[in-house]
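Here it is, the structure, as structure tokens.
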Amino acid sequence: MNGPVDTAPPGPWQTAFRALGGNRSAMMALAVLVLIVVLSLIAPFYAHDIAHTDPFRANVAGSFMLDGRAVDIMQANDNPLHLGMTPAGPTWRPSAYMLGSDSQGRDVAARLLYGGRISLLISFSAAVLCIVIASIVGILAGFFGGFVDMVLSRLMDIMWAVPVYLFAISLSIVTISDGLKIGPFTIEADNLLIPIAIIALVYMPYAARPIRGRVMALRNADFVMAARSLGVPRWRILLVDILPNVASSIVVLAPLMAALALLTESALSFLSIGVQTPTASWGTIIQDGEGLIYSRPMVAIAPGLAIVIVVVALNVLGDGLRDALDVRETSKRGT
Amino acid sequence: MRCGVPRSLRRRPVQLSGWAPLKALLPVACLPLFLGASLHAAALAPGAPDSPETGGTLRLTASSSGGTLDPQISYVHITYQMEAIVYDGLTTFAKTPGPMDRHAIPDLVEALPAPEDGGKTYVFHLRHGIRFSNGREVTPDDVAASMRRIFRANSPTAGPYYSHIVGGTECLHDAEHCTLSGGVIPDDTAWTITFHLTHPDSEFFDRLAFQHASILPADTPPHDTGNTAPLGTGPYRIASYEPNSGLVMERNPYFRQWDAEAQPAGYPDEIRYAFGLDPEAAVTAIENNQYDWMLENVPLDRQAEIGSRFSDRVRLIDQMVIYYAALNVNLPPFNDVRVRQALNYALNRKAVVIYNGGPAVSLAACQMLPTGAPGFEPGCAYTKGASPEHPAPEWKEPDLALAKKLVAESGTAGQKVVIVTPQSGGSDAIANEIRSTLTDLGYVASVRPITPVIEFSYIQNSDNNVQVGLTGWSADYPSASSFLQTLFSCATFIPHSDNSINASQFCDHKFDALMDRAAEVSLTDRKAGDALWAEASRALMAQAPAVPLDQTRRVALMSSRLHGAFDTPIYEAIFSQMKLRRAGDQP
Amino acid sequence: MLKSLLQRLGQTVFVLFGISVMVFLVFFATPGADPTARIAGKNASPATIAKVRQEYGFDRPLPVQYATMMKKLFITQDLTSYANRGEKVVPEIIKAAPVTLSLATGGAVIWVVVSILMGTVAAAFRGTWVDRTLMAIGLVGVSIPVFWLGQVANLITQARYHDTWLFSWVPPLGYVPFSESPVGWFKALLISWCTLSVLFIGVYARVLRSDLVTVSGEDFMRTARAKGLSPSRVLLVHGLRTSMITFVSLFGMDFAQLIGGGALLTEVVFGLQGVGRLTYQALSSLDLPFIMASVMYSAVFVVLANALVDVVYLFLDPRVRDGR
Amino acid sequence: MAGDAPLLDVRDLSVSFRSGGRDVPIIENVSFAVCEREILGIVGESGSGKSVTAMAIMRLIDDPGVTLRGSVRFRGQELTTLPQKAFRTIRGREIAMIFQDPMTAFTPVYTVGWQIDEAIRVHERLSKAEARARTVRLLGDMGVPDPERTANRYPHQLSGGLRQRAMIAMALSCNPALLIADEPTTALDVTVQAQILDLLRNLRTDYGSAVMLITHDMGVVAETCDHVMVLYSGRVAERGPAAAIFSQPAHPYTAALLDSIPPLTGPRPTRLPSIAGAPPAPLERPPGCAFAPRCHYAHAACDILPPLVRCAEQEVACVLPGEGKALPPRMTERVEA
């Protein structure tokens, strides 16, 4: 039966959750995500109490203790020309420079945890923001149709016509030097809101289109027609009949959008137009590691792996949700 | 007057980390030169040196091209270096290894003329028989036309370098009707060119040696020739150019060596430049002998590797460059000289040196004149136990206590400071170091990285209210004035303009007068002049309108077949002097 | 037919106009974007700056500047760069296009072939470990940041293992034109093709598998089997062919984005001077003419490719053909 | 009906699938036979296992969790153990099948003709042109107007009736001895339904094919079939000659089904009698008679699974005849066949 979920308790949702709970890989993915979130939340504890380091403070001239002797963080080379300063490599001990140091003498392991906070914060917020905007746009366009739909759809056409990454990079470069000025408000260039907003904006059409399509289908569905003919006001139809029915599409999009956002954030930060120093994200750490890829590859490899793990987990979770909610695949990604 | 450090200002983010340590002397300039050994070349291409190492194709690589090929317009190092063997000026800088502070030598002219009229008139005797690559001989008319073209084609240095030629100022404002008739007078019968200046200029020969004063055929169009190279007189000519892929140089068939120091004959038969490879990839490619030479510095993380694996294929080349943080003397807290001094005392230059590759390639700087520049005298006012009045011989360690005391006296602690830096790994790191230092001094400091291309002009514009701006400066030719006068005189601070090279907004008329006197004395007595410049440098640092950071050396990697005495100051490398080992005699 | 064509054309022009105006306005709203000082050169005198400003028309009203730029871009095609004096923009884009085209095409060949193989095999072995392994591989492929993968690939093929027999053939990063040396072209691009295709292989194999699985439950698949067709023929001729409809439309969009410069991360990491990298460089040097030209280029491609996909769709799906 | 061995002989066919660690029986011990040129009707509600029986015979169930027991003999050849490859020569050639929904049973991206050609060419070495000629002829035989053009049309371009005709044409393309028709008329409207049934009825004369007609509609069976098998919840409830079953159903379920046929003549009853409740899901199937919970006559004896016993001309899985409490002959007039 295809009725409005008017009075009914969230029956379909309960079954969906039960189905999700029974999905072993989805549960494992969730566990991994929770673990990584927890790890990044304890970043200050790790940095302060275990590694005894300030991961945001450059420390090239310093040294640390390893097995009772002092080791220079930046080590000179004994080649004939004395060329090159190499940061300390991984010690594999959590007490100091477990994953080694970056070119500014900072503890990569500690930065990885702090970077996780920022990367996850940005990707989750961007996903939420994106889906909120996309839902508004998609529902407005789909429900009202006509002129509203035309304006919104053309706007999305324009956004579609530019490759996502180019779009994101353009916006980042424009905002990066001087922040964003909207009327009396200024958002500083190093404010995380900027990458969040950019990522949310560029993926908006990707999320809005399927929502719009779903709403359009619902608008012509029997039960909506029936409600209309009964003279139910439009806002009530929207709220009571349409919204709950697109909710599953929206929920399924969330982890996939978060995965896309994480990849995009890392790409922007990698091009140093995402998160700004001294804040670190996984992307900026990869960028730091780019200059060390030949001598200390761990600096770039560790955050890269972290990204892969989180994105895999998000995708698995997304698949699980989709199966549980029985929604056909709708999302797209960039390159 | 000089090209700013953002040398590759072009499309790639400037790596402020081009810095290479100075420290030792090393093989750099000490190779004997045995070129010009033979003017009687036999079966070789005409004008090529008679040597078993003549011939072959030299393969160069750079991450991107330098845009326009017009030697009177282009203002980037890649083109300057490349066109040094394509064009000649009346004078030039020696294209042979040697110390950094050598001044211009005669090129297309027989000799450097003695100043007449109190340094306001020079009569140059043009050499006979020098031909452009189309076979036409260079005449005094070409020289006069080339001087006019500086103005007509809007050369970037028309104002600062050449407007003191009589008629130059008029040309600057009305380029189309530029004649320079009173300033540059060609004489076909005497085969001379007479220059009249509005005021004496101790650096006039140096300026004529700069690429913007290259001598081109009189009929070269009076606008930027873009991707087409005008005809030149050097041993090579540019055969083809695709800014996004590559450039090919071949021998100029009309070239005959006239002076082995000014424009030596070239070894390779062909020079190919490939554009688009980033430095990391270029290092790998050269290691694998896929290219012979790269424009950029070897990236820091590869230096250890090449130092241990290819130490015989590395050249460390001294550069006349200074990296510094400009402090805005008109904005708090740096409007207080004590705060500026405090930051100078507090900054750990050891960290700066490490960021830039360690002591082998980076030398901590304590003054705005780089080591080796004319007028440079060792001395550091801002290190532990030193003061502007009693400078130490060199920087040793920061003096945080003194710095904190100075800040306390100024009462500015707690203020907000934003450090503007070009957005690239190296400068980011140093900006971060300065941020940490300022935090230690009690300020609320943050870093704002800006796209490199914009940063350079952004920090100059007083409208942007930049407190601290990281940048660097290297000289177009060796002179003290191109550092001190250009960067810190009242004349180079232009409010509300993107082109206000004096980013510190420093203006001190007493200091200006001292520099003017140094320039004046240099005209007749270089030594006395240099001493005055050294005094000016100390005077400047007492006011501390900037924090000198370091001076770097270029770390160059060669393919295993490349050798020769090609490294030289100013140009860094003279491609015509690169010799290629034949396949058979690989080491 | 003509009407829908005109409509499409109108939409395209509208989209291009919208993008160009957006780019133009955003550029001039960006602080420090004024290119005059950069064009004039470091430390140029105010007189020179004034001349440059007038020469480039920066002193004229924005609409006039916009019109001039559009004219120079589309009609006279002699728009020149702000950052690289004298560099004409249109020829540069045209020169960069083959690089991007080579990269995207080669990558596309790999990802189409591999993903069809993976997707089909996974669907054929649905529910077995083969299926699970292939899909897990695909999932990881989707989740790897392409720039990072490129770096790791470079680390392996250019440095760590370059001297081993496995990778000694790998040429230095960069592009070799096909016309110069087909073999060199192939070698120069192979690693970047693989890197680029990893993401798409993941996406496409997963999409294809799930489509095939859905399709295999369809009645017509049962009919095909009941006819006595071999399982492979049923899967390939009936299942795959039908699933190709989604596959192709997805492919069209992605390929268009790549051709339009969407592969810029791959291009940046592998030193390929393609449209994406050009655009990125133009963006980072705030070189408006280049930004404008490359964004227009990519927009044109995306719009064109969308139209093309619609046409291909008509060929692939007879139902759509009648629907129009 | 036929003197010699039946064309298709199904014995104790059981299909079950594993779910949650248990074997869930879908059909249990279904046995029946189809003779040459005979039309057998298999009747039952949805979920009774009619289609599964057909699919099992065709071995079209390839879910790895499904197990199949029993024997299916076609012309004396055991099909259940036949290798897949060998089986393919039987599928489509000897035994063909048509499906319920002609809308979805054709691959949408090929023309109808192409798909019939394919069916022909997979079994017979014919050139494309020869195959097409036969296709066109078959379509014509099936009453498709303008068969040549129709062959070049895509499924979605045809009406439901035409599509079902094309489907039958495809099934008959290799002259199969047995045609399994799974609810061939359910998705069609009434007039078309009658035409299609006509077509099926004439197959045995025109093509010499036997037909296994699967339907839930007793009316269709009455119009078409020689023999009938009634399935309830995966088990045979009753089977026998159509005439006998229609005149005197022995199973209460059959009787109830017959009652639910709307009379073709006479006044329509205001409300058709229908069977209260629903058939049990396979997992909840009672150990005894599956129909007992819905049966008016249910009593203690029904708790034991009743075997199939002969009762007059038919066989029935009910205790009633054994207890001498056979159902009365139907009051309603025999439906004209």
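In this document, chain identifiers A, B, C and D correspond to the written order of the chains, with residue numbering beginning at 1 in each.
FYI, contacts are C-beta pairs under 8 Å (C-beta built on N, C-alpha and C of every residue); 3 or more make two chains touch, one makes a residue touch a chain.
Values in this document were obtained by computation on a predicted structure and should not be read as measured data.
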| item | value |
| --- | --- |
| Pair joined by more contacting C-beta pairs (A-B or C-D) | A-B |
| Identity of the most central chain, Cα criterion | C |
| Taking each chain's C-alpha mean as its centre, the one farthest from chain B | D |
| Chain centre separation (chain A, chain B; CA means) in Å | 44 |
| Approximate Å spacing (C-alpha centroids) for the pair chain A, chain D | 55 |
| Chain B-chain D separation of Cα centroids, rounded to whole Å | 92 |
| Where chain C and chain D are represented by their mean Cα positions, the distance between them in whole Å | 54 |
| Overlap residues in chain D, where contacts from two or more other chains coincide | none |
| Residue list for chain C, restricted to those that touch at least two other chains | 31-32, 154, 159, 284, 286 |
| In chain A, residues with contacts to at least two other chains | 173, 177, 290, 293-294 |
| Touch list for chain A against partner chain C, complex | 154, 157-158, 160-166, 169-170, 173-174, 177-178, 259, 263, 266-267, 270-271, 286, 290, 293-294, 297, 300-301, 304, 307-308, 311-312, 315-316, 329, 332-335 |
| Contact footprint of chain A on chain B as seen in their complex | 13, 26, 280, 299-308, 311, 314, 316, 348, 350-351, 354-355, 357-361, 423-425, 428-429, 431-433, 435-436, 446-451, 454, 458, 555 |
| Residues of chain A touching chain B in the complex | 57-58, 60-61, 74, 76-77, 79-86, 103-104, 173, 176-177, 189-190, 272-273, 276-278, 287-288, 290-296 |
| Residue ranges of chain C in contact with chain D within the complex | 127, 218-231, 233, 237-238, 241-242, 245, 316-319, 322 |
| Chain C contact footprint on chain B (complex, rising order) | 1-4, 9-13, 64-70, 73-75, 154-160, 163, 172-173, 175, 224-227, 242-245, 274-278, 280-282, 284-285, 288, 290-291, 450-454, 456-458, 460-461, 464, 486, 492, 494, 497-499, 501 |
